[in-house]
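Read through the structure below, which is laid out as structure tokens, and then see the notes.
For clarity, chains are labelled A, B and C in written order, and residue numbers in each chain start from 1.
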């Protein structure tokens, strides 16, 4: 027995391949959407893994430092470090802001870190670590900065001395690592106009500017111009100690919030990415329905164009099930061609997306099964139409 | 026929190509981690310590009154050079001049009182001499019984009274003299107070700020003028405590002022301050210019690089190769294409990014400088020349 | 000669009650194997309905049909006597249409070999049998060609080959010469006669083509659902 479906496909292969390519682009978009979701989850995981921390200590009752803003005093680390089971602590600040290079600005996630403490970039792909205590930075390659670039953040220019890869924030912005003190100043100190304005306001406040107390106003202004806050303390737990129990200790005795890696992942994925995940899920559903509708329409049209041949085949003695099998095989073949094209284009265009797209083979397999299922279901309409054809119509006239 | 063959071949190509692309996409995520290796090299290292400093005057003076008063004159302005002892400003003495005049009158009056007392003393002396002589005469006469004892007693009494008066007059003279001294001292005190209202420069200096204008009231301790000793400008530099270990007085420094970013001015460390800043965790180091540049402005920021003693023939690796795993410092090595962590002991680090290795590696050993992902022990490695695009 | 086709008392009524239409009324017909008879009538006479009944695509209302001695339909016995009608059509009835109606995505050999393949024969055997028939019909030089590359006459021959490949006892031809000129039409009739003789098939040719009617030895006329038999001229084609 020859394959009727195979012969039909070979006969009008141009039309078939063209349709398959079109369907393939649709499937490629669907796979890319799933890849975007996976990429977002991966970004969140990478953010947590690359920070080198076992615990995140943040302001009490906040979901910080990524999902919610959190502020701690920068000397809180001393009380944390004194607890048992703590191997290392590191103050960090996080701020998403614009960095300027020449005349273009790039959105970056500025991380203030302390040399030698958790929070510093664990590995580089080029350059060297920061050696000067000020005005040097390490940038992620996604920012487009290269070694030697002068980057402007707030009031100072920083020289890029090292590059990293895949160090991005939860929303995909490239990270820029600068010394903690510079980051505290950047996060706090505003532009000159605002500073002058603030000084004038303080000077006009009679309780802060007393004539009988020389030096009071200067002292107040000086204290306003200093920032001793950080967003989180990253903690490495000593070997042999349990993350959860150390976190519980911190929570109980220090009145601070401490999250383990698993809790941070849940916060990022469940809270931060949740809305995007729902959107992507909706898109996937819509795209699947659209793909199904398109396949259904195409197969129906292809069947209808063969209605005379089907009538003749039925008359001369072809069974219903052979005809149904032909239509089903054509639908599945279309799905296979579309999937191959879709997977290929998704792989090819994934690196050009602004966000990280992660195409997992598990997703590809699931996508393949879904495509096959949708094609099979979509062919039902055409099969029913084909089966309803009356062979008597071949005896025309 | 041939058309069908062509069609079949084309379809076959597409399918095979697609499968290959898919396979390529899948396999790239599971291949070995790309790394760039570097050698441990012997060479001279020039470690440097870096810090940000502010140009300050070593000696700065606040010139102001010791009593609350009103400024009546300010004779110099910001930027003027003044000499030691020069009158800089005057404060309103209020009633001090009148008090001086009053004290002067009191002195005059006291001087007159002394004269009076002196005259009274002379008078008392003469009376006393008379009474004494008279008393002696009558005593003599009494002895000859020419006068009554009553009269003699009376004359003796007069003599005693006159002597007492003499003592009283002497005492009065002393009192008047002391009073004279007292009012002279009062006047001297008022004069000193008056002098306070002349603000004079303590040293040769430059006026750096003029903070009160004539007519404004200043309280005790408030500055009317600020002076700085121009010869004493230096850069007070803040060095992170963690890196301040090998600092020493006398080390050579290179200073880059914020206003002159392309110029490196040579200087020297003259003092490492005893107390550190515990809040910012920094050590304070004072660095002078070998030759102070002109138009130096106190308050200006500067970047200071202090040169530590050079290390000759030291083994070093790129600083990017040094990592901290758990509590150990070490480097990743590639053994049989697999990652292996080697603990090392590190020494000095240079600003250009080389770290001295004291123990754990020998010359020529290869270490992982850059990696495409975080490394774990035993991970498969693939050596490339460069990771950056 | 045994009757390959035997129809007795065949009627077909469409609809019921007042709107009922009797397309066939008590039709009797018999055709011997190897015989080629004509079925002639104007449009609307019921000849298409008769073909459909003979082709086992519609069920008659009354009557019996026997094909090569096997009872196909007996209204008294409950209608169709064969369970697998498609198999009947595939193996025992050959169809030739006005147009060749070849399958465009199969080549010439496969078009003919399709029926035996569907019947379960191996591809090699089916194709060999197809090639034999194509040779007899002198279109074997086009065996690998696509249908679209053939001329009208060649396609018609391939269609005839397809009708014959299962060696059916009955062949139903519906206006096979309608689009053809007289020379080609007579060629087709000659081939049909030749095939009938060679393979012993009973062939009914529905036609109103004046060019070929004289070639039949027997003609069934049909009008308003009734048939009557008439001897024909039997002129050789």
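As a working rule, contacts are C-beta pairs under 8 Å (C-beta built on N, C-alpha and C of every residue); 3 or more make two chains touch, one makes a residue touch a chain.
Quick caveat, the model's predicted, so the values are computed rather than measured.
**Q** Between chain pairs A-B and A-C, which one is joined by a greater number of C-beta pairs in contact?
**A** Of the two interfaces, A-B and A-C, more C-beta pairs touch across A-B.
**Q** Closest chain to the protein's overall Cα mean, using per-chain Cα means, please.
**A** Nearest to the common C-alpha centre lies chain A.
**Q** Determine, using the mean of C-alpha atoms as each chain's centre, which chain is farthest from chain B.
**A** C
**Q** At what distance in angstrom does the C-alpha mean of chain C lie from that of chain B?
**A** For chain B versus chain C, the centre distance works out to 119 Å.
**Q** With chain centres taken as the means of their Cα atoms, state the distance from chain A to chain B in Å.
**A** 51
**Q** At what distance in angstrom does the C-alpha mean of chain C lie from that of chain A?
**A** About 69 Å separates the centre of chain A from that of chain C.
**Q** Which parts of chain C, given as residue numbers and ranges, touch two or more other chains?
**A** Only 146 qualify.
**Q** Residues of chain A that touch two or more other chains: which are they?
**A** Counting only residues that touch two or more other chains, chain A contributes 10.
**Q** Tell me, which parts of chain C touch chain A in their complex?
**A** Chain C residues touching chain A: 43, 48, 51-52, 55, 57-58, 86-91, 93, 95, 97-98, 101, 103-106, 110, 114-115, 117-118, 123, 146, 162, 174-175.
**Q** Give every residue of chain A touching chain B within the complex, in rising order.
**A** 10, 13, 17, 49-50, 75, 87-88, 115-116, 122-129, 131-135, 141, 146-147, 161-163, 165-166, 181, 211-212, 214, 228, 236, 239, 337, 340-341, 343-344, 346-348, 350, 359, 361, 364
**Q** Give the list of chain B residues in touch with chain A in this complex.
**A** Against chain A, the touching part of chain B is residues 4, 7-8, 10-11, 14-15, 17-19, 21-22, 24-26, 36, 50-52, 217, 219, 221-223, 239-240, 242-243, 279-280, 303, 318-320, 323-324, 326-327, 349-353, 369-375, 386-389.
**Q** Which of the residues in chain A come into contact with chain C in the complex?
**A** Against chain C, the touching part of chain A is residues 1-2, 4, 7-8, 10-12, 308-309, 312-320, 322, 390-392, 394-397.
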